[in-house]
Every structure is written in structure tokens, then in C-alpha cells.
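Next come two complexes, and both contain subunit A; in the first it sits with subunit B, in the second with subunit C.
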Partner chain A sequence: MKINRTAEVTWHIIFFAAVILLIFPIVYALGMSFKPLEDAYNNVLNIVPFQSTLENYITLFDTLPVLRITLNTFVIATVATIFKVVTAFLAAYAFVYFDFRGKNILYFVLISTIFIPFTVTMIPNYLIVSEMGLLDTVWGVILPQLADAVGIFLIRQSMKNIPLSLIEVARLDNTGHWKIMKDIVLPLVRPAVTSIGIWFFISTWNEFVWPVLIMKTTDNYTLPLALQMFISVEGGTNFTVAMAVSVVTMIVPLALYLTFQKYIIGTFTSSGIK
Partner chain B sequence: MSTLILVREKLHINKENALGYILLIPSIVIFAVFTFWPLFYTVYLSFFDWNMISPSKEFVGLRNYFDVLTDPRTYQILGNTFLYIVLLLVINCVVPYIFAFVIDVVLTRLKGFYKSAMFLPAFISLVVGSILFTWILNPVSGPLAIIFGWVGLEIPNWTKTEGWIIVVLSIITSWKVFGYNFILLYASINGISREIIENARMDNIPLWRIFLQIILPMSSATGIYVFIITIVQSLQYVFTPVKVVSQGGPDYASSNLIYHAYHEAFVVFRTGHSATISIITMALFLLLLFLEFKFVERRIYYEN
Partner chain C sequence: MKKEIQFEHVKKSYGDTEVVKDLNFTIKEGERLILLGPSGCGKSTILRMIAGLENITDGNLYMNGEKMNHVPSGLRNVSMVFQNYALYPHMTVKQNIVYGLKVQKLPKQEMENRLNSVMEILQLRGLEDRLPKSLSGGQRQRVALARATVKRSDFFLLDEPLSNLDAQLRESARKELVKIHEMFNQTIVYVTHDQIEAMTFADRIALMYNGELQMLDTPDNVYHRPANVFTAKFIGSPSANILEADYRNGWVHTGNQAFEVNDSWKEHMNKQSFDDILFGIRPEHLELSTSPMSNGLEGRIKYIENLGKSCSIYLEADGQEMIAVSENGSWKQGQSVYVRPQSDRIHFFNKATEKSLGHPAERTETNQTIEERRVLV
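The block that comes next holds the complex of A and B.
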């Protein structure tokens, strides 16, 4: 059975409209970032930068330590991702392949932290970071963000899809847990772990709330914080420069998404929430 | 002999279990330090008057709770929070549910394209979204205002208007949240057996009934999950556009419970009030989860 042609066309029109709404801002920023400010103001609707210029990027690199800021963002995202993936992998392994007292309660308690609003831990975490002397440092931004149970949840989910008999056979052969972890489990959950890693990397890259509390000096900013300096409701005199910062902020996540999208969507679709 | 084996086995199992705990140590330490201790400390702080700088805290019992619960501003912000929740649920739960259904079940072409295009903004910083939409929706000189101008329409001055500010900030937040929820729902609908759907369509059951009577119940586990994360997480995502675009204004009209807790702590330095608001917010979230477990969980269908 088919649905009628008009209905199908109508749906396509609706979805195209939605896609334009979602994608237009990104394309718009790209176009505007290559326009001279005057042109951007006079031809608001013209996305294509006919008189294209690099002056916005030059201004940006002159006014801000962009490389330093990008490096900060990269270091924070990389370190946080590695820590989160490794600890989540180990925890998920324990939850799937071990039986110990209090396992279910512990799992439940850890997973329920996903539903705690960040404001509940905000002040004490600020005080901890401050006590440790880590205000305005990369570690001050990284540490509190490591407490995220989503990784444990997703990796456990994909480990549970591995047939248990595979592990049992290995155990009967007296294979040690490290070897099982490394040679059997990891290869099988690698697609999921990679996608989760990419997701963590991008979320940390984009994180705004926590770095905005911790980072004080421009040199230590991450890209979203640098971008915030350019925001103004009226558009401001730096509008096209703001578009250039937006592009710099988006470029890495966008590149990762375009490269791995099939992979990532695949993981979300197969090991998502069940 | 047999006891020896038994003992050995027992030791072996204990050793095994010990390894299980060891694997969990990193996670437990991280969560203990950065989630659980802070949680208790926030409860503690909600009974004190403090400004985060002064060396001494003054114990005030339940006065912070009394202050917060009798402040008319709290109810204004609670109302705002509720409006955000309703808007976010419609845009990020109802709409993507229908979209996912139609794209997966009804359409035959462009499925992959829609999936990748709709998921994409989930990977972009919400600060980027905030700055872009602020410009695109600029009521005087933004591109949308100009297009509207052609047909004689005007964009309200949303940054200064109660109500509109929440609508626009919800749209900005949804720009990021929509695709993530869409993909989760799509995955769940995609997992439903094609046979059931095909049979229903063979019997000429209208699509809206297939959606309501087959898809909705059979994807309800994910549906409920998306419903809850939309409330719990989108409400926190709203923080970014609020902070970047409106700072809670005009006159608290765009503040929600999350932003208000931040504002009390880091703008006006009333940690007691901030902690109290956070605890109340968490209590509301827990109530939501409890209701979900009590009334919905038993009736939903688990795909796996």
C-alpha cells in the first residue's frame, strides 16, 4: 500500500522547511563571516559573500589569542573524553560481568545522577575547584565534568548485546579479565565506544556553563566563551567578526560529524535507549 | 577435601568480586567527589546564610525555604519554567515523534538525508545558536524582519517583551535539542517489527491510527525517556541562551529555576537562596521521576 502522492509531497515540503530552519543558521554564519561588515549590514538577505574578504578572520586573530583558545578547547575536550570513556568502560564492564553485593543499587544511584540538575552541584564544585587552586585552569574545567553517567549507561547497553556465552567460554579457558576486556569485549563494543567518545568530545568542546564559571582570563577561555564576548542583541559593530568566531567554534564538531555521521547515527540507532 | 574446594571457590568468587569493585573505583571516586558530596553540601548550604566569600556562615534553619517560598518572584520564575517545559515538550517531543514516524514508516525517499540534516545542530555549540538566532530574529534589521516586512508583518521586540522572550529562547534551545530527540525516537520506531505496520496498512488503517495505536505504545519506553530528558536536560540547556542573550530579563521574564539558582549564587551571592532553589528544583524532578515510575513504567512496552 502507498500513501497518496499529495500527502507525500506535503510531508517532504514540511521536512525541507524543518531542515532549512535547522541548517540555515550554520550556512548563514559561514557566508557572513567572509563579508565586509558594511556589506553584511546592507545586504542582510544575501548569504553569498560576493565581495568576499578575510578581514573578519584577520581582526579576530588580531584581537584574540585564537590559537591558544582553540588549543585550550581541544585539550579540555580530549582529556575529558579519554577519562570519561575509560572510566565508563571499566564501570560498565564491572556492571555487566561481575556479581557483587549492592551492584544494582549502585548502578541505579549512578544512573539517577543524570537527572540531577547541575545547579545542585554547582556551588560546592566551584568551592572544590577553588580550594584545589584550580580556578582559571584547564583541570578546573575538566574535573567536575567527569561525573557523567551517560557513558556508563550507553557502554553497558552495548556490552549487554554481546552473547554471554562468548565470555563464559573464555572464562572456562581461564582467560583473565584484562585479556577478555582487551581482546573480546573491546573489539565488539568499539563502534559504540568510538561514537560515545566523539559525542563526549563534541559536548565538552561546546560546553559553556561550567567553563564560564571557572575561566577568568581571556587566555584561558574556550571557544564558546570567546564567542560570548561578541554577542549583542543589536548585532553590534563586531557582527561579522562574531560570525567568524562562530565558524571557528563550529568547524571541528562539524568536520567530525560529517566524517563520522553514518557511524554515529548507527550507534545511536542500534544501542540507543531501550 | 570438599570443604577445601568450597573455600577455594568462595575465595575465588571473592577475588572476582573484588575486581568488580576495583573497576568501579575511578567512577565511584569521581561521583563521590563531584556529585554526591556536592549534593549533600548544597542541602547543608540551604540552611545557612552565606555570600560565598565571608569566612563564617550563619545558620538560619528553614528561613531560606521560607524566603524562597514566599517570594512572589519564585512563582513568576516557576511559571516561566512551566512555560519553557510546555514549549520544549511540544517542539522536542511531540514534533520529532511525528517526524520520526513519517520519515521512517511513510516516506520512501530522502530518509538518510533528513536524518543527517536534522541531527546536525546537536553537534554545534548552543552559544553559536544563540548568537545566530539573535541576529536572524533581530526585529529591526535581521533577515527575518526584512522578509516579514515584505508582507507587512512585524517581528515583536522579543528581547524586551514578556512571553515572547521565552518563546524565542525555547526555539533557540530546540534548535540544538530537536535532532538528538528525533534520532532516539527514530531508532525506537525503526525497531518496531515492519510486519505489524505493514499488516495494519494492508487493512487500510489510517496513518494517524497506526501512529497512536501501534507506534506510540510500542515505542513508549523511548518515548517516556525522551519526555523526561526533554524536561530535565532541555531546561538546563536553556541556561545558555538565557545567560548569553537575556541574562534572565527583562525583569526576570526569561529566568527559569536553573538560571535563577545561578543568578542567586554567582550574580547576587546569596548561596543560601541559590541552594534552596536548586534543592526545590531537584525535588520537582524527583517527583516527576517518581510519578513516571508509579503510573507509567508498569504500562510501557520495552522493545528489548
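The block that comes next holds the complex of A and C.
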């Protein structure tokens, strides 16, 4: 009992430290965003703003079409996520349950694209998007992100854990593939699909390099680009406004998380198939 | 059209490995056929070919008189119970059972009726809303059986359905299967490696080995009239004795000893042609004695296995090993004993082909109809 107790306390200290480490920057950013700039420079380590002000947010909303930018980011992240998840699910289903010529080679090629750095495809993608006349549009950002090998890989792994006999029973009932996907496979791989969806959404939401290449006008910016406007070398760095952008950037993912919290937590703790 | 399944030169191979070799036989309407054999003999593959879950490499498969080689599983009028039960883990018992009926868009009332009747037969009342993970092994097995039953298909396939149950549950599950079969009279194909299941449940047994059909006959004939050495050894426990022997003028010589067969055997053997033979006798058909017997062989007890109700006695006679069974527990290791084969229970096989040389008397049971035989079971 004594040992257990010690272990328990130790673990709690570690967890507590981890939570502090994760929470601190967020609270710090939140505090900063309500400080006047001078205060931010004078009391760097102070989390709580002494003279709180909405000045930073007013500046932000005056300089940039924040709602429009948030909407851009939301559309890009949502559409890309939906497409990536759907294509990954369909491709994974085909790789697991269909037999076709060249399946293994195709899968190998697909998986190897995971290891190609973004910088390699960046220029060709840019040229293609530009050629298609999609520069400075939401679709220009979305288009190269409609499919993702990582998603196919992870969903396929999860599907392979489903005993094949479940699918065979359904086939004996003359169940079509769409129905098998919807009624049997999807419910059983939902934890994988949900976590991959969250991952896709967050990574697209935070994406910087690709949108910065495609988007030219401020109206088409995404939130990470807006953040960059206030910490650029040329314009001089305005930390407090930048922190206000950070806070705005945080709002949508956080709201989504709080809305679906119960469901998401359930996803990660559910025991899976067996 | 008759609810028959017919194999015509059916072959199945994976690359260069032939797992089913030239299969030719017919499964009769409404019969309970057991596909029996050791692991890897191809029996499950045959079942899966009937279900349409495996392609047929060569030959033809007919069901209801129609060629089925390329007909998709869902259109074969087949239901199947899998060894792992294959219950949908995210659906309740009720949802599991009716899922297939929903796919087939059965009217709601009919669905309810079938569900209710099967819940009754298989004693699943009260479990409707439970998930498979909260059921015991026996309950899961019954749900799987219920799901296959509600389809009311002509063909009912079972792939080792009882192998995950303990001995007592197996017995009651077998009775349930019989009950279901009597109600719906499907053509049943049942895969197992358990000869007790096969002997008790089958109308006919198809014994498989190495992708080849060894024998297809009633349990009685498979036991009493094995067609070859493999069948003789596979069926029965302990396994049948197969000895190297010579047959000369009515005498069977094994090593330095010999015994004489009866007149009907002599007459029968005179009609057969063979070079070397193997002599076969089941342990339970050997008389065992401490004193010399006419037509007996002498041996020495090497080892005794006590099974409670009886003992298996391992003997050595002239360098060949034999097993006998005795209900008497007074035997001692190293003891000298005499064994005498019951003359109407002996078997001879051609050593080269390992095929049976036949038997002087046909068994009367062979002519029984399925229904007559079932009364005996």
C-alpha cells in the first residue's frame, strides 16, 4: 500500500508538472493579449494584466477582417479534413477488402509519399495551382490536401483489426459495400477515424507555409498568416496584438473541442473492437 | 429444384499449393453432412467455396441444380455460423439477429415473428438488448446460431461452431442444432475436427485428408467399414491398430505368429488380388486374456493408460505395437498377455494403396434411410 501511495503521489506530481507546462503558454498569451504594450515589456513575467485593456483586440479588428479570416481558416480546415478523412476511409476499405492487381505495389507507393518532405512538392504544387488560376483562393489552399497517405495508413491498420468473418457474414446476407461500410466497418473504426479527423483539422488550422504561398490579399488570409503580420521584421513586432490573434486562433478549435468533448474523450478511451 | 450441393471435379489451389484436389460428391437435400478431418485438410475451404467466400480454381459447383462458381455469396441462399461467431460487436443481440433480414428488406411483422420464434427456441429471451461482449461463450454461440437461423436459407453452413465451448455446452448446443434442423430441414454442411461431434450429429460423414475425400458414408460405415488406412486410424479412440502382415491360405501372419480367419473371410480374400497387406483391428475389438487362446497372439504389456471407465493397454507383439482396451484394471506392466481379434471385426488393406480389401458381409445399416438412422441417434 505504501509503495502504491508513493507511486501515486509521484505520478500526480509528474502529471501536474506536465499540465502546467502545457497550460502556461496559453494562460500567458491570454494575459498578454489584455496588456498594454508597455506593460508587456515592463512586466514580462507577469501573467495577470495589471492594467487590463481591450486595446489590442480593437487594433486587431481595425487592421484586419478578423471574422472573414477566421471563416477562411474554418472553411479550409473543415473541407480539407472532410475530404482527407473520406478519401482515407474509402482507400483503406479498398486496400483491406478488395483484391485487385498491383494492390501491394500501389500501397507501397502511397505509403512512401509520407516520407517525401513538404518542400519537395511545394513548388510543383504551387505551379499547378497557379496554372489552374486558383492562386489567392480558398480552393488553391485546399486542393493539394484532399488526400493523405497517413490517414489511409492509420485507418487501414484499424480496419485490419476487424475480423474478416464480420464482413463475410454481411456478404452472405447480400449486404452491399456501402452498407457494410456504414453499418459495420465505420462504427468499428470510429475511434481511429475521429482521432485522425481531429489531427487533420488542427494541423490544417495551424498551417502556415502553404497558405502564405497561395494567399495574396488580406481578405483571403488564414489566422496563422494574420499572426505573422504582427511579428514580422518589417512591421516591428507587436506582441500584445499578436497574442490577441493567438487567442482568436484558439477560439474555434477550443469551442469545437468543448462541444464534442464527451465524444472525443470516449473515442480515445473506448476499448476498440474486441 | 432439389436443395442439393454437387461438386464436380472441384479443385482449389493457392499458387502451387493444392488444398482441395478433384472433389466429386453430392450433398443431399435436407441431410446433415459433416466434413471431418485434421487441421489443414481442406474442409473449411470446401465450406467457404460453398458459401462463395473462396473462388473455385477448377471444376464446377452446383447448388439447387444451378452452377454457382461465380454467383456472389449473397445470392446463394446460404447462412453460415463461424467458429468465432462473427457477431457485430457494436450491435445488440436483437440487432445482430435481424441485421441480415433488414438488409433483405423483410416486412417488419415477418421480421418480428422470426425473431420471436428463434429467441424462444434458443432461449435468448431477456438478452435482446445486451451487447456481445457482455454475453457468455454459450450465449454468443446461440446468438450466432439464431442469426443464421432467422434467414431460413436452404443451406446451413457451420464452421467448427462448437469448438470454443466446453464439453457440457457442446452437448446442449448439439441438441439445439438438431432441434433447429428438425424444424427447418435445411441442408446442413458442418465442418469439424471432432469425431464425436461427427459421429453423433451426421447423417453422413465426408472424411477429408490432404485435400482429398477419403470416405463419404454414414457414421456407422465410417467406423465399421473404413475405406482406407487413414479412415480406420482417424475414426475411433484410441486409434485402430494397423499391423504389417502376410495373408496365406486363410492364415494371417504377423512376425512369427499367425491366426486363422473364418470361412467367409477366406472366401472373400480368395477373390481379392494383392501383394502385401496391412491388417487392421480396433482396440475395442481385441479380446484380452492372461491365458493362451486359440487364434490369439502373444504380447507383452508396455504401458497402461487408465481412463477411469476403461484402460488402454499398449502391447508389443513380435516387434509391432498394438493397443487393446479393457474394463478390467488388474493388468500389470511387463505382463505377458494374449490377444484375439474378433474375426468379423478385422480389416485388411492393400499395403501399396492403403485401400480396404473389402469385407465379406455388407453392413445392413448401409441401407437405412436417413430418417431411420436418426431415430437410432
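The rule we apply is simple: the second predicted complex is superposed on the first by the 222 of 274 C-alpha atoms of A that agree within 3 Å, B and C clash if a C-alpha of one lies under 4 Å from a C-alpha of the other, contacts with A are read in each partner's own complex, and residues count from 1 in each chain.
Assume a residue touches a chain if its C-beta (ideal position, glycine included) is under 8 Å from a C-beta of that chain, and two chains touch if they have at least 3 such contacts.
Nothing here was measured: the structure is a model prediction, and the numbers come from that model.
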- Query: Is the number of subunit A residues in contact higher for subunit B or for subunit C?
  - Reply: B
- Query: Touching A:163 in the superposition: subunit B (first), subunit C (second), both, neither?
  - Reply: second
- For A:209, decide between first (touching subunit B), second (touching subunit C), both and neither. first
- Task: Figure out whether A:173 sits in contact with subunit B (first) or subunit C (second), or with both, or with neither.
- Result: second
- Please indicate which partner A:110 is in contact with in the superposed arrangement: first for subunit B, second for subunit C, both, or neither. first
- Kindly classify A:25 by the partners it touches after superposition: subunit B alone (first), subunit C alone (second), both, or neither? first
- Indicate the residue numbers of subunit A shared between its subunit B interface and its subunit C interface, in ascending order. 273-274
- Show which residues of subunit A lie in contact with subunit B when the two form their complex. 1, 3, 7-8, 11-12, 15, 18-19, 21-26, 28-29, 41, 44-45, 86-88, 90-91, 93-95, 97-101, 103, 106, 110, 112-125, 127-128, 143-144, 146-147, 149, 152, 177, 202, 205-206, 208-209, 212-213, 223-224, 227-228, 230-231, 233-235, 239, 242, 246, 249-250, 253-254, 256-257, 261, 264-265, 268-270, 272-274
- Query: For the complex, which residues does subunit B have touching subunit A?
  - Reply: 16-17, 19-21, 23-24, 26-28, 30-31, 33-35, 37-39, 41-42, 45, 52, 99, 102-103, 106-107, 110, 113-121, 123-136, 138, 141-143, 146-147, 159, 175, 178-179, 183-184, 186-188, 190-191, 201-202, 204, 207, 221-222, 225, 228, 232, 235-236, 239-240, 243-245, 257-258, 261-262, 265-266, 271, 274-275, 277-279, 281-282, 285-286, 289, 302-304
- For subunit A, which residues are in contact with subunit C within the complex? 163, 165-166, 168-175, 179, 183-184, 187-188, 273-274
- Note on the structure: Given the complex, residues on subunit C that touch subunit A span 51-53, 72-76, 78-80, 82, 84, 86, 88-90, 99-100, 103-104, 147, 151
